[in-house]
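Here it is, the structure, as structure tokens.
Per-chain numbering from 1; labels A, B, C and D assigned in written order.
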């Protein structure tokens, strides 16, 4: 395919989008369905049954999570910046912004771990001490959804870390932006999912 | 409780894998009995150092009338009886004695000779025989079906790994065992709602169940002072203390009475030797109702 | 084994059987057309030397025909089934003044709760009987299905009745036996070890006999 | 993730076999052809395993009061004193379905043929993401091992049916199965991941890597079918994974998503499962339809009748496939009014299936039928799929479904589409593409023996099951002799069982032919069937990288018996019009 790519490409050969980008879009479609499954179940379980849910600020610390949400949004911005820097061939920018994105992602995870710790050991709900996945459907859905989002963030952070290392090896540049763009797509998706989760799990 | 089962389960993945790769082997039935049921263990006892506890479970007052079990919904079972079904056997009191009482040394014992052989549990005419019995931890229970139709045997312990197996016809025998002490473990048949039994799992050989007239006897007990506990599915538990001297028989008695009906009946209690048994009071999440 | 539905004892069973045979005929025709066509083609058009196949990419006329014809057939079937389905299953179409029972399914028992002589569920004279379902013929019966442990399915072939019993739900089922008889309730949803023998006796009485039976049982409790 | 980014496309497809170690070339290979063949061996093995489980079930159903011969070799927890135990029977039922669907048929349709054909028929060197492709195979292996191992753990393999209906699947205390149920879900999650990775590959490759001139409507129907199938898997599988994970938590962490005691909803599981499950049904049949369309065209020496109608039918089926899941739940206690809407969509989805059937007949009409083994299997696919489709109408009509739901009528129906449909098409595909895969022909003689024995015995096994369903025999029962309304069906059950044993034996004829031909078969030419699609224009087997020069496509996929082509009755997609005749290219 190396030479296939260089061969004259009549329009009917496909989209004028490079393959990895198409692949990522396709992959994200299935990710959408995965979270749709979880969120759909959440909606059915919460509003379809007579099970008990706490008021927004009763159990979950919305303030901390709001800050955390802001952190994640910032990381999307820096990701965009990193890609822009790559297109501009600005090596310094690539390094700085990738590092920032990785750091912000890691920070988000750190805060989430702290949040879990607080909930499990210092929070109490429905009489039972400690808000755990066993704490009724409320706890189960909360930890399942935020947990799987956190898992996706973790994967993202690992890839970002890897991309950062490559950056310091001068891997990225104006002639090599695809990797960053594809990674960026994933990162923005994870960000978007979080905004939805934050809304339905914490605010509603 | 299910998460507990889960922890136990993890260890078994490996076993399962190995067995699978080995193209088979016996992963099932829990027939991997730890009991180390060495027959000679029973022989090593020096008669000069042991005595016997023998006694009687008395029952005062009017024993409740035993209602016949309605088996009309289970023609298979009804066929085993002429006309009326059998009598319910929860309270079997006759001649002033109370049957189906599990009696065991609850304190003062430190282990004892390992079990030898297996304890039979028979299903005949839609009844468990025996209804109340004891085993040593790790000792085999040989479960047999004498009815030529389906019974399932659903044991719901909390300290041990439970099992739920079935025997679709007569002549099938399966072996199960419980690895740690637990008094009592309920056993039921989901096909025939009324079929139930209770097994006391104890990690020493000093236990017995009272017979139809309320008598029981525990042999080969090393000389010493013990706390003896009696358990009945309707009237709850009683304890008494006894001192056993070598080559003699210590007599004890438990006095149950009709007005104890509805007493709190402890279930699935782990037996911790040398320990205030009331120090551990756990409410069982188990039993027929599920979790 | 004779290829037939078991004798039908219920009012709406008649329509169900009719619909079954209607579909049987329609699909039977399609079946014969397809299979006969295939055999004919295999014989008629099998490879012969020097013969060349007829070159065509298809015919829109034909495409339209064999799109529209099945579609029409299915629409008609759909409308017919929809009506009958609503009559049988829709809670709003439950018959008035039916005698009500409660059936509690558990591994591996059908526990039937009888309304007692006063014919009202939830009153003192209710009583429960294991694996024996008695009810009168010639009048509508409503059964409230509940399950204690897992999903079971309440199936009486002769009455053309089937409904899953789901833990946490109370599902009404109605039927109207046209005559007396003795059948079985079978469990149609895998429910564990004893699924295959989770059966209960069904006895459809004349009204008088049913009252007598219920009175005698009520006393026994 | 990292992989996609890291992937320099086609890096693994450089023509450099000699540089590759054996391990890299045949075991951890990223060559789509090797991966396809790896999938083929894996899935054939699981086909045999799944069949064996079915044989044990059939024995139990036919002779419930007889000890099973050789049962002694199985542990007491499965077969006690010679008798299959009900819990083991439930495990057989569950694992037969699960293995056949997830480890045999589905990976054989997609893992084998999507992998093998997409790059070859589209005229590219390899998949878009060869390494992802390799992972998608190596994810199936642990899934398979876990599945087999689960039979030997305490409590045995999963026993709640392949649909894993909660609460039965979530409550160990009610089944005696705890670890087996968990292991099966873990395997399922592996399989889901594998098929998602695969789908990403198939879709991307089809969208972006078609050879010059390979327009959407010049793609062979096989590619269309596999492409749409990949989309179905991509969108349906993650939903199953999500549901499976929740069920896993119910089993192991003590949550209660699907357990009413904790406020959960058993029906939620069914909705999630069937939201995946119905597209899954089409995942299992669409590729088969693709193979059949192609084999029929080649065998009849005619273009596919109504090519575009076929394409739109596939698309329509895929779309409708996502809104009919509820027809599996008519008796589940779901709101009956909801049932109505599902009836409508279900009857609608029958239309495109009808269109396809008629177009297949149209393809054969006035053809020049070469009745070789692949063709025989393709034709019998049409015959048997028709039966499966028609019996489906009974279920779509909800009032009738009240009676036949969960009876053997359903068992007959699903085996007519899954076995008579998918598996017959697969046999056809194996015979058809075997020369390309292994460079040798399979024996026609033994192929015909295999076909006729399979065809006859297959119908003896599954057609009578319609009758059992009419009589009212419930699914998944260990012993039907206890029921008054089931008296007098035992002879039929025994007939079915005997035929089933025979059917299983025919598998050995196939296996013999298959393995014998790999080594001893007649050497195959480039294009043994005189076919038009691109894979036949390369050597058999194609070299690593498929093409030195990417082919350029001038014609539609199935140009047979073109009037302007005089010397032969076929026109390869990449034959230049000026070489043959100017008219030929145009349509």
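The working rule: a contact is a pair of C-beta atoms (placed from the backbone, for glycine too) under 8 Å apart; a residue touches a chain by one contact, two chains touch by 3 or more.
Because the structure is a prediction, the values reported are computed rather than measured.
**Q** Out of every possible chain pairing, name the one holding the most C-beta contact pairs.
**A** C-D
**Q** Rounded to a whole Å, what is the gap between the Cα centroids of chain B and chain C?
**A** The separation of the two C-alpha centroids amounts to 45 Å.
**Q** Per the centroid of Cα atoms for each chain, what is the distance between chain A and chain B, given in Å?
**A** 55
**Q** Just the number, please: Cα centre separation of chain A and chain D in whole Å.
**A** 34
**Q** Using the average of all C-alpha atoms in each chain as its centre, how far is it in Å between chain A and chain C?
**A** About 49 Å, centre to centre.
**Q** Can you list the chain D residues in contact with two or more other chains?
**A** Those would be 86-87, 171, 174-176, 253-254, 265, 478-479.
**Q** Could you say which residues in chain B touch two or more other chains, in rising order?
**A** 150, 152, 164-166, 290
**Q** Tell me, which residues of chain C touch at least two other chains?
**A** Those would be 107, 149, 192-194, 197.
**Q** Please give all chain pairs that are in touch with each other.
**A** Applying the touch rule to all chain pairs gives A-D, B-C, B-D, C-D.
**Q** Spell out the part of chain D that touches chain C in their complex, as residue ranges.
**A** Where chain D meets chain C, its residues are 86-87, 90, 93, 159-161, 165, 167-168, 171, 174-176, 259-260, 265-267, 300-307, 309, 331-333, 336-337, 339-340, 343-344, 347-348, 350-351, 354-355, 357-359, 361-362, 364-371, 379, 382-383, 386-387, 390-391, 393-394, 396-400, 402-403, 405-407, 464, 466-468, 470-472, 474-480, 482-485, 488-489, 491-492, 560-563, 569, 587.
**Q** In their shared complex, at which residues does chain B touch chain C?
**A** 70, 72-74, 149-150, 152, 164-166, 190-191, 193, 290
**Q** Contact residues on chain C for chain D in the complex?
**A** 1-6, 12, 15-16, 19-20, 23-24, 26-27, 30-31, 34-35, 37-38, 41-42, 45-48, 51-59, 62-63, 66-67, 70-71, 74-75, 77-78, 80-82, 84-86, 88-91, 107, 149-151, 153, 155, 157-158, 160-169, 171, 183-184, 186-197, 199
**Q** Can you list the residues on chain B that touch chain D in the complex?
**A** Listed in rising order, the residues of chain B that touch chain D are 2-3, 5-6, 9, 12-13, 15-17, 19-21, 24-31, 150, 152, 154, 156, 161-169, 171-175, 290-291.
**Q** Within their complex, state which residues of chain C touch chain B.
**A** Listed in rising order, the residues of chain C that touch chain B are 106-109, 129-132, 149, 192-194, 197, 200-201.
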